[in-house]
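Chain naming follows the written order as A, B, C and D, and within any one chain the residues start at number 1.
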């Protein structure tokens, strides 16, 4: 049984484990004040070309989203997200648990647009309704699509004109940036968004996301929020060491590129076999539509998510590749599909 | 500079890192449903001699406390803790952030008693006040003291008589259980408390606490709460592998014993030199009272917490030993103290 | 300028003010423990034919909803409401502010059905999503429709089968019960729902809603929740005296009947003039679709809500009548419409 | 049985009920946008000599406290209150339910001092603890004491120097201002505090407190918070009409003066009989210490709170007078005490 269920089925890239080993007996301060975390933050600022951002290392994605959004908003303010947005669907009401409504925008491709946000603003006119204040996007999205620079710039302009906080969930930012269709650089984001995170967990780390806060007014006292929500790890070095390793050279991007390459091989081969896809997804998540019989056969040897019934005889499945996906496994998988089609 | 500041200055016990290495490329399910987490839970149940408890692995202590307490209480109910209790002092209002008041009981030794709790109950008589509902203790406490079996049994009886939930923070439970004054076994707790956690982070793990829920009515839907608060790690294996290693044999206890031994060597030597202590602490945290001049000298080569001014010329410091504390460092430290006294 | 904007434009029915006057200098206990509140609760139980329900008098509707729902749900549980439901649209995120997501069901007539709820249940399958637990309906709805007995019975059965709490917002329950299409009695509800409130504010009281809790497991400690959310009035008599007056005889129903009669006169006359309506609303809120020119003329002398643009030349307006709506005002209004049409 | 239990045992001053009667059939906008509420706010600003403050009318005291404090604080910030402060003791954890810790300062007279606050600040040094941010005082206090101008000025200076929000609960501000020991004017407060409320409920209104927000940065979007917490009454006129009547002339102060006079008559007579008091309370709450036998006799004809056991044979009781306390009742009460002493 080989798993294409997600991009967190394996542990961490071996270089990360080695770095943990090598530093293991050094004594470090706790709670993110260790030398590794400090260095990782400095290194990331360098890579972003910005010394004026604040960067915090946080164990996981749901935690990052809930801490940031609850720290940024006042009690009556709400977040706006695509109906497929992670905070809307798969975080067990984590944002609402901090007191804030998440307003939904229907989308087909998982991507917000100024028009969709404007409709939410138009519908919220006075104090009997929440005040929409933060725009949440994910890049790549939960259905594999990515934002290009023009789209992000348009959203960014819109948010600034309407005094909205623009926040990007980058759980799979590596994959987005290494997409063949991407025209954004890691250093573009501080210009475009007010806060965002660079995801480690789904790109080769054991745990860890790097939250970048770009807007000055959002920075104050942020570590208090992290501690209150249980995100200041006693052994914060665990996060610092990992990000240092991922960004010491190009490892972060190499891992994402590999994941994308594996997805691309699968999707291109399937397209040649006239397989349709549920969404256009130039990243490491793809959603081919297959005959149910084929799916049944594949499930004997492969794990993946049965995403959505498409018609009587066909369903979309979700195939996720990762930094650790083996080329041979992809080959065998493609061979098996050809056999069953 | 050698650090006695805390018990999380180093990484993890090497066996843990090895276990992470060896399992690294196995594909596992996410969010704690991997085989390692399942095995660790089974193993812990075996060690407790109880198959009817629920066990959840959670990244950190503050997280464990806030998830458990907010899951267990209804909105109008409050926790009772010693004034030195961790949830009262050093978790940035994490419990209040979930909506619950923490009621304080003044103690000298950091330990709650039925009498102290009764006074809180007596003062809360109707719906204009919160309803005290959960008793929080830590063992060992934040000032190094431990509960013996009679004390815990008395608290347990009291809680059952008064329909209170009895919860124990075991961030340093290993050290408590390996104290020379301890008369409790790991398997005693499910009889005594309603829920508690066995701390990994401060006893040799990178991260991780094992929450044991003993009372049936507290078990339902617990994983929802974990997810909502951001504590379901995508790579939950990270927690499972560690607890499996700690409890595969006696490693957990060996590490705690070492920490205690190191503390005991220091405290016994200091007692012989007629040094007094702020608290009676038979665990891995000790609080000697030293002349300020001696403290100043020691600070040149050792890191520790300056705990409390005692009089014009003396202060108490906090010395914490750990699984990783080196015997030679203790020797040198003691030698230096002798020199300065 | 005559107002059809809402059903709370005037003060209270004169009998209520008289009752306040007459009792004014009697000394009463505070916080709802006065004799009037106790009597009002007993009287309501009598009217419901049920001594086993708990009844609490609460100043307003948003307060009642947020206190009840937050008292009934555990942190990971969510409410289900129609997309037009008051808690979803016009309470400034009050439910989310207590930590709970409100899941939306698209409806055309403002009414939930088992089918709509089933779809929400089907979409929420595990701990990565909130757990749908409470079904919120309003009767009459925000767009004037009402539930009949068969519909409520079907929802009630569905909720019981699926272990859902069934909660009814009765801000305009009086109007629903006095509708010409109604087949429900006040005493039917304790059989059908788990909790609901009988609205006073929009039916002749100054302030006040009577929350009826029918399911035993929801009753415990409810006054704690009221106090915590600021809903225990020091002079609770203000609520008791009003409900006593409304239900001493048939005043509550007479006031609702008058409101409905006024709405019916308007809607029947408009139907004869071939005016269409946005919704079928047999209660005190009606939504006629008028030419924009007519609306402009009417706005010179009448206040009402411009509800929705229907096409280039027509819009729906909301006309609300109340216990205090004057027949002569209705006559003049109808005369003016005829003039402009 | 005559009640000295509290200052909310009767209804409202008759002029208030008359004003409700007279305005009853005027149609007004809802939710505090009626002409009466607007006029009341303008009138209060005039009385304060300040046009630059924001004033909101809110039904009750607990509601006012919880809305203001949760609107003013960010999630990691805490309030500081005397151990006897109402938010600390008698609001069922309302502040914690909005997510904020209330830090306690031990006091004997119910009054905070810069020294007491400084000790809290000194104990909260980093992100592992909450950040003390708002100072809560009540004037008069829960035990009848009042602040003089020098004390308030010292607290005000301290708060400004330490960037703390200074908030005053004025549930019994009328009584404080009419105390023989008072040297403050209603118009002094906007200079001294950042926000405070003028209590109506305990000074002759049915319900209602007027929150005055003086600091600009605390004003934004305040009505959203009121709505979210259920404090925007549909018939907001109920609040406006009452405050208009209380402040149209000197009624507010006359009522408070009467309450104080009645308390003073009792306390002076008791002092002459060598009765001691638990606290120095120059307002409408007094706490005489009486022999238990006398208390038992008095309880046959008078209702009051048994406050605290003082020694084997004596207890303190709480006597509260109000705008409605009858002189004859005071005479009879004093006669009875003389008889039993």
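We adopt the following convention: contacts are C-beta pairs under 8 Å (C-beta built on N, C-alpha and C of every residue); 3 or more make two chains touch, one makes a residue touch a chain.
Treat the numbers as computed from the prediction; the structure is a model and nothing was measured.
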| item | value |
| --- | --- |
| Angular offset of subunit B relative to subunit D [C-alpha, multiple of 5 degrees] | 180 |
| Between subunit C and subunit A, distance of the C-alpha-averaged centres to the nearest whole Å | 42 |
| Chain centre separation (subunit A, subunit D; CA means) in Å | 50 |
| Junction residues of subunit C - those touching two or more other chains | 75-76, 91-93, 97-99, 127-128, 130, 224, 227-228, 232 |
| Chain contact topology (line, ring, star, complete or other) | complete |
| Footprint of subunit C on subunit A - complex, ascending | 75-76, 78, 89-93, 96-102, 104, 127-130 |
| Touching residues (chain side subunit A, partner subunit D) in the complex | 31, 70-71, 74-76, 98-99, 127-128, 130-131, 221, 223-228, 232 |
| List of subunit C residues in touch with subunit D within their complex | 2-3, 5-6, 8-12, 14, 17, 20-21, 23-30, 59-64, 66-67, 91-94, 97, 201-202, 206-207, 224, 227-235, 237-238, 303, 324 |
